[in-house]
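Here is the structure we will look at.
Letters are used for the chains, namely A, B and C, taken in the order the chains are written, and counting of residues starts over at 1 for each.
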Amino acid sequence: MSNMDAFQGILKFFLNQKTAIGYSFMALLTVGGERLFSLVAFKCPCSAENTVYGLAFLFAPAWVLLILGFFLNNRSWRLFTGCCVNPRKIFPRGHGCRFFYVLGQITLHSLVAPMMWLSVALLNGTFYECAMSGTKSSRLLELICKGKPKECWEELYKVSCEKTSLTPADNEELKLSLQAQSQILGWCLICSASFFSLFTTCYGRCRAKVSYLQLSFWKTYVEKEKAQLEETFLDYANKLSERNLKCFFENKRPEAFPLPSFAAWEAAS
Amino acid sequence: MSNMDAFQGILKFFLNQKTAIGYSFMALLTVGGERLFSLVAFKCPCSAENTVYGLAFLFAPAWVLLILGFFLNNRSWRLFTGCCVNPRKIFPRGHGCRFFYVLGQITLHSLVAPMMWLSVALLNGTFYECAMSGTKSSRLLELICKGKPKECWEELYKVSCEKTSLTPADNEELKLSLQAQSQILGWCLICSASFFSLFTTCYGRCRAKVSYLQLSFWKTYVEKEKAQLEETFLDYANKLSERNLKCFFENKRPEAFPLPSFAAWEAAS
Amino acid sequence: MSNMDAFQGILKFFLNQKTAIGYSFMALLTVGGERLFSLVAFKCPCSAENTVYGLAFLFAPAWVLLILGFFLNNRSWRLFTGCCVNPRKIFPRGHGCRFFYVLGQITLHSLVAPMMWLSVALLNGTFYECAMSGTKSSRLLELICKGKPKECWEELYKVSCEKTSLTPADNEELKLSLQAQSQILGWCLICSASFFSLFTTCYGRCRAKVSYLQLSFWKTYVEKEKAQLEETFLDYANKLSERNLKCFFENKRPEAFPLPSFAAWEAAS
């Protein structure tokens, strides 16, 4: 008995940490993906395309992850489904900005994965190094090549391939310096993102109209309702399809089947 | 029987040490994380960026851990939820500073992990070595380069990469000296942090209005109540969602369901 | 049957030796920790920081262990809880020094672990060697460098790194001599600490107002009471939380629940 209790306690503990486990898994996937990309696919061209190439590897996956985040978020579908037919739904009377509020929430949730990608990519430094070494802005060149020989200004774009006419030591120094800049940027991004997320969560909670306990009760309720809804759906769908098939094969008119009205469905969504 | 009792005793012992086990786990994670970072990600650039780079690796993870600590602390949410709607809640009449008291407590709890990170990072010494070797303050240079050849003043930032024009022995000495400073700082931090934590705990206990036995009774009570609350939540949520779904599919008006009023929820939080 | 009895006998024997097993475990942890620190983290800087560095490794962990000892001691919390509200509690009429007596007892108990650390660290000798080799006091230098060549006075701080201009034999001699001093100090510490602990225990028993048999009866009683108290706590907490939750969800006023008064709690603590 005591043994079973302990086991259940551990199981419950892990179920409570669902969100944390989900995010850890996401972080692991991001790190793995970044490793894979920078080893297999990324080869800095060391030509005039450096900047575009590096920035593409930095931002394109982030963009894809953002879109994916929108796709996988149930709330965005709940928001948009049927909004053309019924525009009142997303701009209800007197709550015109509710649409933008919900859209903002969805965007913030979808931004988690892209931010992770950017952080990991910047902490690794390969993409940034390639992107910056192709710069043509004289201000950035000034910053990077300070105290280096004159060739640096002209051959910076060859640094990542180690084909410059600089000494290997100077070349190595330039690379390390670029990577250091990338990592510093990465840490800045992580710090500000984490602070921003704490701030927005805090603000959202502050504006909540219910107390902490009530909120946790509704969380439990929503979970339970979702599970039961699925069951009921399955149940009703089962009955409905059975009836329809039976009627079809026996060439009868289907009997009436009680289903909620359209308005009720709308209100419930 | 005696066997079972012994097993239960051991189980109970470990359950009582939950906090200790949690902290040990946290310490282990911190040490592992620090090892990983300093091996995989950290490469001192040996240029003018040394200081910023080293400090970023020292303080940015600490900052992230602090934010995470706020996030994972239930009390901070209990404090902030609904505080804009009901400002009386966090600034009750006659107890204006209660908000800052609770906020301080939460901050102190959240500071544990960052302090661990800083201690581990300082005891390891890599980050501090890089950060200090990039210093430009003449007072610090005086301190570090005392009794060393003249090149030390100019090429200190190359010390961690061992590319100075100093002799290898001098270079090694400088590195060891910087690491020693880092470790001394680390021990100072650990000693003062542990003393401070004892002091604040002691002070908090001194100001408590209940006796030791009563306090331990309330601890037992709070744990029990939490477990029962979860059960009751699940039970009520189950009943409520069942009723709602039934009404929805059968197109009926839901019957009244007795739930506590808003004020009761507020008072209970 | 006899088999079971024998097993129970062994179990009981080990349960009686709880204190001894706990101390052995502590000693093992201390030795392991010291080994780990002196191998992984400790690198004598061989510069002017030697003394501070060595002393930090000798005393900082001892300080942390002392603080930890206070934290883990239930009696210190029993003493301090509520002492500001009710100063009479720790300075009762006519027993003004009782507070200092209990505090002294707690300190003595908390000193066990730091003493272990100091003994182990001194017996190993690495920390002391580093700390002493950085000394600038002429009296200590006189003592250490007696009968050694003149370089000893100037280059003693390089002894642990073996980079002095002394002959290897002289260097080795100096190191051995420092380590020997450390171990002698360690044995002195162990001997005096063990004598002191015997003395204080003896003195405490002498001042006891009960006989040996009575004392061992009280020990058994205290243990039994503690176990039963925990059970009663659990029972009462269970009932109380059940009542409160029921009242909360059914919007009723809670009935009265008989609990001991504040004064009774105070007296029992």
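In the analysis below, a contact is a pair of C-beta atoms (placed from the backbone, for glycine too) under 8 Å apart; a residue touches a chain by one contact, two chains touch by 3 or more.
Fair warning: this is a prediction, and the values are worked out from it, not measured in the lab.
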Chain contact graph, described as a line, ring, star, complete graph or other shape: line
Superposing rotation of chain A relative to chain B, computed on C-alpha atoms, to nearest 5°: 30
Between chain C and chain A, distance of the C-alpha-averaged centres to the nearest whole Å: 49
Interchain centroid distance [CA atoms averaged], chain B/chain C, Å: 25
Multi-chain contact residues (two or more partners), chain B: 229, 236, 268
Touching residues (chain side chain B, partner chain A) in the complex: 4, 7-8, 11, 41, 43-49, 52-53, 56-57, 60, 63-64, 67-68, 70-71, 77-78, 80-85, 163, 229-230, 233-234, 236-238, 240-242, 244-245, 248-251, 262, 265-266, 268-269
Chain C partner contacts - residues on chain B that touch it in the complex: 2-3, 6, 123-124, 146-147, 169, 173, 176-177, 179-181, 183-184, 187-188, 190-191, 194-195, 197-198, 201-202, 205-217, 220-221, 223-225, 228-229, 232, 236, 258-261, 264, 268
